[in-house]
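Following this line, the structures themselves.
Two complexes come next, and they have one chain in common, chain A, joined by chain B in the first and chain C in the second.
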Partner chain A sequence: MFKSLRAHPLARPLAIFLGCFALLALADRGAGNVLSSATAFSMLETFATGALVALGLGLAMMIREFDLSVAGVFSLAGCLMALIGPEDPRLAFAAALAAGVLVGAAQGLIIVRLRLSSVGVTLGGLLTCVGLAYVLTENRSLPYDNLEATMAVTRRLWGVFSLRSLVSVAIVALVAIVFGATRWGREVIAMGSDRRAATTAGVPVAGLLVAIFAFSGFCAALSGAMLTMALATAAASGLSDVIPPAAAAAILGGVSLAGGTGRPLGIALGVLTLGLLRAGLNALGAPPFINDVALGAILLAVGVLDGPEIARRLAAFGGRG
Partner chain B sequence: MTKRVSKILMAGVAGLALACSAGGALADAKGKKVLMVQSFAVHPYVAGIIKSFKAKAESLGMEVTVQAAGVDAALQARQFDDGVARKFDLIIVQPVSEQAIVPALARAKEAGIPVIISNNSPKDGTEALYQTFVGQDQNEMGRVVGRQIVKSFKESGREGGKVALITGALTEGLGPRRLAGIKEAIAANPKIEIVAVEDARWDTATGERIAGQLFARFAAQGGLDGVYGMADNLALATIKAAEAAGIPLGSGPKQLLVFGGNCQKEGIDALKAGKMVSSVSQIPTYVGEKLADAANDIFSGKTLPKETLLPVELIDQANVAKWEAACTY
Partner chain C sequence: MTQTLVSLEGVSKAFGPIVALRDVSLAVDAGEIRGLCGENGAGKSTLMKVLMGLVRPDSGVIRIGGEARAIRNPRHAQSLGLGLVAQELSLAPRLSIVDNIWLGGEATPLIYRMGKLRARARAALDALGAQDLDLDQPVLDLPIGQRQIVEIARLLARDARVLILDEPTATLSDVEIERLMGILQGLRAHGHAIIYISHRLGEVFDLCDSVTVLRNGAHVSTGPAADQTRESLIEAMLGRSFGDMYPPRGQGVTQEGGVAIKGLTVPGAVQNLSLFAPKGRITAIAGQIGSGASLANRALAGLEPAARGAVLVDGKALTLGSAPASAADNVLFVSDDRAVEGLFPDLSCLDNLIAADLRAHAVAGVLYWARARALGARIARQVGLNEARLPSRASTLSGGNQQKLLFGRALARATPGVLLMNEPTRGVDVGARADIYRLMRDLCARGWTLIMTTSELEEVVGMADLVYTMYRGRLVARREGGEIELTAILADITHPVAKDAAA
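Coming up: the complex of A and B.
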């Protein structure tokens, strides 16, 4: 029973999340700083910024690829939002999302057709998108002058949510359902585990790869566009550093760089863990560098536990028990 | 005799009132929770602001919490909003982005939490959202250097010439403000031409690379007459690149004139060695202490002016000794 629970793909991300929560609650000593709606809201706002990027990047990692372009698409989409302006938010959103999907799909096609490494191709995509954003904005921050819209997307709903975080939660939930209930989930895992075997088994590898990169572009663009609305500004240099936390969240969520592991809900738990750490440590008044130290320690622990030798020993220990 | 007694009494009453008001201010600030939301906590300049602010604010009885976001505008807004949600008595913010912090400022105002903007100028038109800005007039920081460039060109026997500007981030904030100031002041001599404005984003290595490229680019046209590094680290990067290219430095007719921005120890050393013409005062301890004073004034119920500006002074060979200690942090 325990063994099957431990083997569940969500067991580790959930254990890390609950472990962090327990440690923070312990450090709070019942003062009510961590166990508060303010902490939950803050955690979910971090989720709103990072979850979609992490989801796209995590899916790419699941098929043993990597999408560096998410940071560029994130910036470019924000700049398009501000350039088209708050007068026509629907057109601005459509343009931003279309740009994200196009960039993602184009990269996917290049990787598939030319049999190139995703790291090289998406590095090119990243630099192209950032360069384009600099040209479009003429190296200036652009205001998104609609404070009402800004307040609307960031206003607290039911104590802990905002419109932005609800959209992110909804998309993650939808992807989790599709992943769990259709063959696509199994195909992604199969493709990441052994691409040749997956091809032989009839998995549409090329189509799936293009679709995942297009979806990753969509996610990064949506996240960037929503952040521009939330902060009422856009900049080619980007408003947030998205790749390191997204990769960290995916790894915490059980995704391996070697591919073939992980679940969308695991990635979501990884992002929530990052948000919880940030919000909880802020609530405790911890010095700024403590967050990086704590996150680094957790990632190191996860990395070590992922090592084949440790896994073998743990399995042997479990077998004896 | 009666007059003397009444004088003594009046002096006593005045003294008591003064003591009460000082005590009152201390009592007002005592136990107040202040959140300082910073950019780079490890940058020597920012660390200097934090250290001096904490020392003075804590001596006045305030409880200080510091958060830092690096260049992540979204994270800074999050840290600020957390402070609003946790009902700090006052928030001090050094905006990573003057635009991205505006919605958070609006939320603080809605929640009735006073805000002080530190060092990085706030966005024009947002005056209603904060109590005061403590820092320097960044346009003036540019104008001071611009005037010095005009003067130094003349003193070195040049009627005009070519000057290149290696700047900090021009996206928004300090960079564009200093640039506008320098352009305005240089316009006083139309024979001085700004031949290049290059964005090095405050980075020393980028500045050195840009300077090397500029020297190569203008070598065929008789070389550059002057280079402005928007901060002293960029001026130092220019000096290194000039030395590598074998370009003589100084303040004479055939020498490259290098002008710094905000003073740093290395800049002062270069100034003393005659490799740099001038720098400009920008002292973190002054900013930190003024921030604590401003916070104390707010807790005492005083209404502050929208700008609490610190002096902007040119540092050259004549007054370098006066600034050496303050610029060493």
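Coming up: the complex of A and C.
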């Protein structure tokens, strides 16, 4: 029983999240700074910005690929949102999402057709999108003057949510259900653990790869567009620093760079851990760089524990003991 | 009357300069088990890939149930009723049995783990006598034999009429093999057609109704298994009688020294192996896949970090677990995976020749190209490689010539050492084989110690001066001279007479 619990793909992400929570609560010593709706709201706002990007990147990592372009798409979509203007938010939104899906699908097709490495192709995608954002905005900070829309996406709902975080939660939940209940989730795992075997079994690996990169583009674009609405401004330079947290969240969430592991809910837990760390340390009054140090230490620990050498030694130790 | 389920007519396929299949035709009927035999590189696996849509033939027609089909991919092949159980299984270990059975099926609906499809998966397993397997168990927990049954159940659940099995028994235990044979005979009785690819001639004679032999990509013969003998089958596969292939053994060259191994252990693979490989001789460690033979060689090459034991090379202790240390002691390794562990495919042949010993071609750390080129030309002549090919990329060479390059690395060394070879003629055509065998004898005469592992017993019998046989990580017997004989070695490595080699 214990073994099967430990082997569950969500066990570790959940343990890390709860562990961080317990440590923060302990450091708080009942002062009520960490255990507050303000901290929860702040955590969920981080989730709103990072969860979709991490989900797209995490799915790409699950099939043993990497999508560097998410940062570029995120930035480009945010700028398109401000450029097309607040007068017609629907058109702007549609344009931003379409750009994301197009960039993602195009990269996927290039990877499949030309048999290229996803790192190289999406690095190209990243630079192209960021460059395009600079050209379109002429390197200015663009205002997004639609107070109504800004209010709508940032207003607190039920104490801890905003429309923005609710949309992110809904999409993650939808993906988690589809991943868990349908053929597609199994195909992703199979493709990530052994692409040759998946091909022989009949999994349409090429189509799956293109779909995942298109979905990753969609997610990044949606996040970027919503962030522009929330901040009421967009600039090509200000929106591109999303890859390190997204990759960190995916790894905390149990996704391995070697592919074939992880679940959407695990990635969500990883993002929540990131948000909790930031909001909690902030609430404790810690200086901002402590956040990076803490995150770095956790990632290092996860990475070391994942390494084959440690696993071998642990197994040897367990066998002896 | 019998119905032909699948047929190939004049199928050819070339990969660059290498012709893998030339004008091959064959037809398999319902209720027939067809053995497919041939040496490595004869075209068996290409034929199988063509049928599964993994490789497109350059020419020729494939008919399924009489109708000409262009098979696009494995998914398409499955929908036409073809199913493959490859040597490396195509299961996802982290997924459950039921997930694996429906993984990648063309007719698998988006949501499938309830009701009818679950029942069909269960029925397929039951039909194979696997009532004990739990549908929700992850495949990770199953032993290899049961994984294979899951793989066959997958094909049955998808209504495959033609099953292709590629070396299905290579990693199975005797009990598992017996169970598999029973399953296959049951499928034959139900009118399935089975293409059975195997090196193990005994199994072919026990199981198959008819045998097709391929050699060098071409069809040699097809006929009832009962009309063949073991010897006639081997001759058909080799294309010559047994003796012509191999150079004469070195006569009475006794030299001091060699490789002494005491208590070599690689956890989970090799247990307490002790043997002596004399200098100037070819020592073969014979065993099936999983016997630990090839891993023992890898351990000597320093490629198994967990290896323990004492190894003396000409009386000098060898540090295990470090490939640079082994290479520095002149212990060289020719891998069975040339593409991954042998060559740099995008570098020139000359670069490849000197890559393993750059220091010997450098003056004060700067490569001395004139000397390297002169050496390259000399080695090329020695190994029988066209000198003009030296500047071209290694990937443009045929498998045989690539292998010659790797042997050339040993020849390029000034002092003789130890050459470890796993599957020295894998993917090498019959012509180049004889050259490689000659090279091996050449190295012996120069004072090298050669240790070889191979899955081809004919090669063991033809080349080895001394044979150690292994079964599941343990030494079974040491054979020399007249004791080096096919049936005895085969018996050692498949059904060893109970005796404790360590005692």
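Just so we're on the same page, the second predicted complex is superposed on the first by the 309 of 321 C-alpha atoms of A that agree within 3 Å, B and C clash if a C-alpha of one lies under 4 Å from a C-alpha of the other, contacts with A are read in each partner's own complex, and residues count from 1 in each chain.
Definition applied: a residue touches a chain if its C-beta (ideal position, glycine included) is under 8 Å from a C-beta of that chain, and two chains touch if they have at least 3 such contacts.
Everything numeric in this text was worked out from a predicted model, so none of it was measured.
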| item | value |
| --- | --- |
| First (chain B), second (chain C), both or neither touched by A:A173 | neither |
| Touching partner for A:T154 - first (chain B), second (chain C), both, neither | first |
| Greater chain A contact set [chain C / chain B] | B |
| Partner chain in contact with A:F41 - chain B first, chain C second, else both or neither | first |
| Chain B versus chain C as contact partner of A:R278, first or second or both or neither | first |
| Chain B versus chain C as contact partner of A:A297, first or second or both or neither | neither |
| Chain B versus chain C as contact partner of A:A258, first or second or both or neither | neither |
| Partner chain(s) touched by A:L91 [first = chain B, second = chain C, both, neither] | neither |
| Overlapping contact positions on chain A, where the chain C interface meets the chain B interface | none |
| Residues of chain C that touch chain A when the two form their complex | 52, 54, 73-75, 78, 84, 86, 88-95, 99-100, 102-106, 108-113, 154, 306 |
| In the complex with chain C, residue positions of chain A that touch it | 181-184, 186-187, 189-190, 193-194, 196-204, 260-261, 312 |
| In the complex with chain B, residue positions of chain A that touch it | 33, 38, 41-42, 45-46, 49, 139-141, 143, 147, 150-151, 154, 227, 230-233, 235-237, 239-241, 278-279, 282-283, 285, 287-289 |
| Residue numbers on chain B that touch chain A, as the complex places them | 38, 41-42, 65-68, 70-75, 77-79, 81-82, 85-86, 97-100, 102-103, 106-107, 169-172, 176, 199 |
